[in-house]
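Following are the structures in question.
In what comes next, chain A is part of two complexes: it sits with chain B in the first one and with chain C in the second one.
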Partner chain A sequence: MFKRSDPPTPTNASSPSKSVMTILDQPLSRGKKEVSLSSFSFLFSEIVQYHQGRINTYPELEQKLAETGQNVGLRIYELCVFRDKNSKREHKISTQLNFITSVVWKTLYGKVADSLEKMEEQYMIYESMPLESRYISLGRNVTNLHCSYFTAGVIKGVLQAACFPATVTVAMTSNKEYTVFVVSFDRSVIERELQINK
Partner chain B sequence: MPAAYFVIVGKEDCPLYELEFTAQGRKEDQSQLKQFILHASLDVVEELQWGSKELFLKSVDKFNNFSISAYLTAGYVRFLILFDGERKSDDSIKQFFTEVHELWVKIQLNPFYELNATIDSPSFESKIKQLVNRYL
Partner chain C sequence: MSNIAKLQKVGDSTFGRIEKINSELLTMTYGSLVTQLLRDFEDTDAVNKQLEKMGHKIGVRLIEEYMAKSNPSAGSCKEFKDTAEAIAKVGFKMFLGFNAQVTSWNQEQTQFSLVFQENPLNDFVELPERLKTEGLFYSNLLCGVIRGALEMVQMRVECIFVKCPLRGDDVSEIKVTLIDYLKEIVLEDE
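Let's turn to the complex of A and B:
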C-alpha cells in the first residue's frame, strides 16, 4: 500500500545507450511489500491537516477524506483482482463485498475485516480499530468526526470500479467498540441483484 | 503479421489508447471503418459482460471479413482487437491481453495518471508494439 514508484534510474552513465527504468519495467510484486505504520500515520495526519485548512465544517472534512480514499480504491481494485489469479468479475453483491473485506483489506491493512453483515437492504462492515484512525485523537468537544471516512472512500472507490455504485457512511456501535461502514447500494444495483437471483 | 487494430476503451466508452498495424506494403484506407466497427462492437461486449464472469471474452463480433476479440478488466476497461481476415489462435490473443492487462494495471496505479484520460506514455507505446510483435 502506498508503494512509491522509484524514480527512473539510468543504469550506467558511461554506456552509450542509456536505459531508463520506467514504472512499466518494474514487476508487479506479489504483494509482500510493507510500509511502516509510523510513516503511514504520518502521511495520513498530513493529509488530514491539509484538508483541515480548506474546509469549514466537519462533514466537509469527512467528504474530502472520502474523496481521497475513493481515488485509492479505484486504483487498488484493479491491482487486487490482477494479483488474485483466480478471481473474475463478480456480479453478486455478497461475493463482491466478501472480496473487499478479505482481499482488499488484506492488501491495504494486512488483515481481513472483522465481520460483514446484512440488515434489510444495507450491508455493514465491522472493524474494531481502523488503521488510519489509530493514532488520531479528537479534541474534547469533537464527537462526530470520523477519520475512517478515508476507508469508507476506499470501499466506495472499489465498488464504483466494479460497477456497484453505492454510498458508504461511517458509524460507531453503541459501545464504541466497533467502527461500522454502512454500505447502501443504488437502486440500479439492487434491481440487478434481484434479476440475477431470479 | 496480420492487419489488426488494437484499442483500449475506458469505462465511459472513451478510447484511451489506439494502435493500428497493417500488413507490409498495404495502404491503410479503412481506419475510420475499423473504428466504427469497434465502437459498434462495444454494445455486444456490454451484453456479454453481464452474462459471464470471465475476463477474456474471445471472439465477440464479426463484420464482413473483420473479427473482433475482447477482454475485460475488473474495472470494466475493455481491450478490443479487430482482425482483418486471418487471426491468431485464442491462446496467443489471450496471452497478449494478459500482458497488456499487466501494463494497464501499472499505468493506472500511477496517481498522476488521471483515470479515463488517454495514455500518452511513449514507453507504454513501445511495450505494446513489442507485445504485438511477440504474440500477434
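Let's turn to the complex of A and C:
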C-alpha cells in the first residue's frame, strides 16, 4: 500500500522519455469555472484564524491578510493581462486604477467596484460589500479590525506587478456603508506621472 | 432512476441554487495560503498536517450547510456506501463544482477511493521538484474537510491523498477508510 513516507516513484517524477506536459503547454482557461461562495468563505475564515494564532496585535493580522492578498494580486494581474487580447501596458495612474476596478474586480468578485475617486494625491476605491468580509462578524472586544485588508493586499499586489508601487489602507465611510481602499502611490510614481503629463 | 443518478441531480440542482463565485479567487487564495504555510513551517510534512487540520475545521462546519442546502433525504449519510456517493456527487459538486467517482471498494465495504480529474485548487499550480520529492500533497485540505464532515455524522474515517496530478499522476485520488462509528453520548440529567 502507498504510504505518506514512500518516496515518489522516479518514473512519475521525471522520465526523460515521456514528454512532460507542463502548465505552460496547456491553453489558458477562459475563467468561467465557478465554485460555491461558501467554499471561499470557509477558507478565508481558516486563513484569518491561522494568522490570528500567530500574531500579537490586530494591525499585524491585517498585515498578514494583506500579504495573502498581495500574492493573489501579483498573479491575477498577470492572468488578466494574458487573457485580455488587446491589452497594453498602462503607464498612467488613472487607467491603471480603472483596470483594477473593472477587469480585476470583475474577475475576482464578479462585479465592478462601486466607485473610484481622487482626493489630492490619494485615490479611493469604494466597495459596498467586500466578498471576504461578508460572513465575518467581529467579536465584541474587537473594534478596529478590517479583514478587507485582504483586498487591499490584492490591489497592492496588482499595482506592484504593474510597476506602480503604492501603499493601500482600509477605512470605512462614516455611515459604515462603504469600505474604502485608500491608495497612496510612492513618490517615484507621482513624479513619473508628472513627467508623462508634461 | 438509479441512486447515483438521483444524487447527481441533487448535486446539480443544489449547485445551481447557491451563490457562486469565480473559481480563480478560491484557487489563488488557496495558493497564497499554501505558500505562506511553506514559508512558516519550512517542513513539507508539517504543511501537509496543517492543511489537513484546517480542512478538518472547515469540514466540521461545512456539513451543516450541506445538510441545510442539499435535499437531506436524498443525500443522507446513513450507510457508509451511500455516504461515499453523497460526498462524490453532492458534496464535491455543491462546494467545488465538479463530480468525483467512487471506486475501489474493499471487500468489507469499509474503504473506497474518490477519483476526480478536475480540481479548482490545482489550477495554475506547478510544484517544484523539491516539494514533489518531499511529498507535499497540495490539496491535502480536502482530506481534512471529508474527515471533519464525516465526524459530524458519527463516522470516524481516515483520508489519504494517494494520487495527485501535480505530482505526475493522471487523476486525483483520495482514499477514505472507515475506522469506526462514533456513538452519540447523551448525558444524563443530574
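Following the convention adopted for this analysis, the second predicted complex is superposed on the first by the 173 of 198 C-alpha atoms of A that agree within 3 Å, B and C clash if a C-alpha of one lies under 4 Å from a C-alpha of the other, contacts with A are read in each partner's own complex, and residues count from 1 in each chain.
One rule holds in what follows: a contact is a pair of C-beta atoms (placed from the backbone, for glycine too) under 8 Å apart; a residue touches a chain by one contact, two chains touch by 3 or more.
Fair warning: this is a prediction, and the values are worked out from it, not measured in the lab.
Residue contacts after overlaying the shared chain place A:Val35 against chain C, while chain B stays out of touching range. By the touch criterion defined above, A:Asn71 reaches both chain B and chain C. By the touch criterion stated above, A:Thr22 is placed in contact with chain B and with chain C alike. Residue contacts after overlaying the shared chain place A:Leu79 against chain B and chain C alike.
In the superposed pair of complexes, A:Gly110 makes contact with chain C only, with no contact to chain B. Look at A:Arg89: by the touch rule set out above, it reaches chain B but stays clear of chain C. Counting the residues of chain A that each partner touches, chain B and chain C differ, and the larger count belongs to C. Looking at chain A, you'll find residues 5, 22-23, 71, 75, 79 touch chain B in one structure and chain C in the other. Those residues of chain B whose C-beta lies close enough to touch chain A in the complex are 49-50, 53-55, 72-76, 101-111, 115, 121, 123-124, 127.
Residues 3, 5, 22-26, 28, 71, 74-75, 77-79, 81-82, 87-91, 161-163 of chain A are the ones that touch chain B when the two sit in their complex. Contacts from chain A toward chain C in the complex involve residues 2, 4-5, 7-8, 12-14, 20, 22-23, 29, 31, 33-40, 42-44, 46-47, 49-50, 54, 64, 67-69, 71-72, 75-76, 79, 107-110, 131. The touching residues of chain C, counted against chain A in their complex, run 15, 18-26, 28-33, 35-36, 40, 45, 48, 50, 54, 57-58, 61-62, 65, 94-97, 120, 123-126, 129, 132-133, 135, 141, 160, 162, 167-169.
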